[in-house]
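As structure tokens, the structure follows; a few thoughts come after it.
Chain naming follows the written order as A, B, C and D, and within any one chain the residues start at number 1.
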Amino acid sequence: MNLFNKVTDYQTARSVFFDNMTLLFGGFGGVGTPPGLIDCLIETGVKDVNLVGNDAGFPWIGIGKFICLERAASLIASHIGSNPVAGDLMNNGKLKVEFSPQGILVERIRSGGVGLNGFLTEISKGTQLEYNKPLVKIGDREYLYEAPILGDVSIVYAKKADTFGNLVFDKTARNTNPYVAMAGKVTVVEADEIVPMGELDPEEIIVPGIYVKYIVPSAGYNWKWIWEMPGKS
Amino acid sequence: MNLFNKVTDYQTARSVFFDNMTLLFGGFGGVGTPPGLIDCLIETGVKDVNLVGNDAGFPWIGIGKFICLERAASLIASHIGSNPVAGDLMNNGKLKVEFSPQGILVERIRSGGVGLNGFLTEISKGTQLEYNKPLVKIGDREYLYEAPILGDVSIVYAKKADTFGNLVFDKTARNTNPYVAMAGKVTVVEADEIVPMGELDPEEIIVPGIYVKYIVPSAGYNWKWIWEMPGKS
Amino acid sequence: MGDARQIIAKRAAREVKNGMVVNLGIGIPSLVPDFLDPSTQVFFQAENGILGMGPTPATDADGNLSNAAGYPVTTLPGASYFDSAVAFGMIRRGCIDISILGALQVNEKGDLANWIVPGKRVPGVGGAMELAYGAKNLIALMMHCEKDGQPKIVKSCSLPVTTYGCVKKIITDLAVFSIIGDNLYLDELMPGSSMEEVKVKTGAGFRIASTFKNND
Amino acid sequence: MGDARQIIAKRAAREVKNGMVVNLGIGIPSLVPDFLDPSTQVFFQAENGILGMGPTPATDADGNLSNAAGYPVTTLPGASYFDSAVAFGMIRRGCIDISILGALQVNEKGDLANWIVPGKRVPGVGGAMELAYGAKNLIALMMHCEKDGQPKIVKSCSLPVTTYGCVKKIITDLAVFSIIGDNLYLDELMPGSSMEEVKVKTGAGFRIASTFKNND
């Protein structure tokens, strides 16, 4: 018996989501966002979710599908330009949006994921994106303090997983996924292919399985990209 | 003509070293420290070098060979236990040693390498390793500030490099090398194998070539490991 | 205006030199590769985790191989994939030789505004702040004026600023400006524009560069 | 003393349970795997960048595949290689179920001293501070006394502290202690030792655990 087998079904995965949770999602414009877990999240009926991820997806793609249901309380993201519904919800006061510079956001997730207590940067200093973040003076220079982010739950999309949760990604679908995987108190991975332990080359593994709680099989993207839709692009 | 070809010889590599430079070196107990570049460094005669790396190697292994020549002014490392000469030089006031927790040290190098301005942690707070690092209060907790580290020169050991400097490492010889590569103002890579651009799978590349200035061919380790020496281990 | 965008992109392509690492923003900047001499050897970087992007694939587009705008691309020999933290690490670290971004406003000191029109468009900042902070050279591309005729080159940005003092060059459908220190210099007039038109339609004072030329 | 080290390691092996992720320090902890039931499924992590270490290779040792002490190892199915930042990321993040470290002194509050003997040994701290900070369970292994008879379990550490309040269990050649809150509890006497001997040779007061047993 393999004690380290983390493969499960969507029924079990569903049980990790709860109202008011902080949910970290991998993906960049929906590329690398786990389609099966998004549907699974939608089916649970959970609400008042605090989302953290690169962007708001598109209304029919990635986290955008969930945002359109008005069950997210807040979103920390670098942009929402591809999801006008998110913009409307924000303007109507139905979704609290905190914008973060894109690379700073992934570093905040990483900082949580690697057990550090945040970092200092000059990026966004003096702009509206300072919000009420502390300023820290080191020597004669002043920096913005960026706090670490941890998720109650993280959802991740991988190309391959072994049963321990060692992960390999596909091209630009890697993006924020490795750090989202590290920063979840409970990390659930959707994988296109699940293989036995020992089948992945230790050298090719991007995320060691130690961070993963559950693995579910993927049926692949179930949406059309904007460039596949005549007239939209 | 390939504009991006960075392959050169040791004669050229030699010219990057200078007195008083800060030199970052990859490797962990000598594993992953570039043997040819260490000899090249020794041959230059440069002195008063400020070293930063995981440890002091062994007297006959890695950076230890250079340290034994008393041409290092200072060393930031996590331990010097495997190099008694370094301990003697420290005790005689001939080598200034700053100890850092091992993982914190590599994060300091990473912080420099990714263009951030340092980070906060509780590790080593209240111990002798605080040195005079600033304490930063965030909310009601106090953290130690760890400053970023950049090198005037970084030396790195890779298993494979393409001519652009895309790097692949070998097993536990990876260790600090990726971040040392990122944090050098001038990064020189010694590689066991040098291949044309296009021969590495974009997915297997650990360090993108953008960080690399020069690549030299390696003749492999030219020392014996302690476990190869009867009576020493 | 389609034509004006092409003209701006074409002029911007001349700033891209052999051997450079280049990051292109969405909008007009994404048109720049169409105007590069095919012999130009450059690495295109995208903040979603790729260095060494090639052209749009003729067939067999792969949803998992896209640029930062989400559109399919290909890779060239020497390309690498990496995660978002590595992508922005190289941006902040100064590894990008030239970043070409779209802009809403630029002021005479090189302050860039391109992420929000309060009450109207709130797209968010994406990677613009880091690109503006880290790139060795930042070029802003935009139409010279708003549709209603308001100048977009201004004395002081009325829109929230993305990054202060970062823009080195502005290319519009009417002119090319450089920003040196806190001063705006007119480098070139674009074909068909005149000094008078540029003076009227520019919301900030400028000097004439010693290398000034009229592209007409 | 060789025998005493084996006895300590053998007792420590009983703390390693099926399914755990384990990090072993140098010295006595490195002997622990010799005493594990071969059916035990654990992942050994090493801070030089490997998860899933197997035993020392019988032949064909590879200089580039070693543990944190630099000695050759092998890998088991499911193993991964990673860089030092990822290695310590998992340590600080609390992914290590049990960290077994050698110690110079431990006090009654669980403060660990294991990195420096001022004026004598100055090896440096290595990864001990992070392991002590992050591991879910930290066990210190050491001889009960110095060679000159001085106790190593003390009221207050005379040596510079590595990490405060981190040790959960101490295993020596004479006894096993737990630290709960600020109190030291005697859990077990090791074979051949007596309550009197332990009392005399321990530099801190302790209580007897409710689960106390004599391994004799």
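Basically, contacts are C-beta pairs under 8 Å (C-beta built on N, C-alpha and C of every residue); 3 or more make two chains touch, one makes a residue touch a chain.
Note that the coordinates shown come from a computational prediction; the quantities given were computed from them, not determined experimentally.
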Between A-D and B-D, which chain pair shares more contacting C-beta pairs? B-D
Computing the C-alpha centre of each chain, which chain sits at the greatest distance from chain C? D
Centroid from C-alpha atoms only, then distance chain C to chain D, rounded to Å. What do you get? 56
Please compute the C-alpha centroid of chain A, do the same for chain B, then give the distance between them in whole Å. 33
Per the C-alpha means, the centres of chain A and chain D lie apart by a whole-Å value of 36
Just how far, in Å, is the C-alpha centre of chain D from the one of chain B? 29
Send over the residues of chain D in touch with two or more other chains. 50, 81-82, 85, 88-89, 91-92
Multi-chain contact sites of chain B, meaning residues that touch two or more partners: 107, 114, 116, 122, 171, 202-203
If each protein chain is taken as a node and each touching pair as an edge, is the resulting graph a line, ring, star, complete or other? other
The chain pairs that touch are A-B, A-C, A-D, B-C, B-D
Footprint of chain A on chain C - complex, ascending: 46-50, 61-66, 68-72, 81-85, 87-89, 91-92, 115-116, 121-130, 133, 160-164
Spell out the part of chain A that touches chain C in their complex, as residue ranges. 28-32, 54-55, 77-82, 87, 90-91, 97, 99-104, 106-107, 110, 122-124, 126-129, 170-179, 206, 221, 225-227, 233
For chain D, which residues count as touching chain A in their complex? 18-19, 21, 41, 43, 45, 50-52, 75-82, 85-86, 88-95, 134
Given the complex with chain A, which residues does chain B contribute to the contact? 107, 111, 114, 116-122, 134, 136, 138, 141, 143, 145, 147, 171, 202-204
Residue set of chain B touching chain C in the complex reads 2-4, 113-116, 162-164, 166, 182, 196-198, 200, 202-203, 205, 208-211
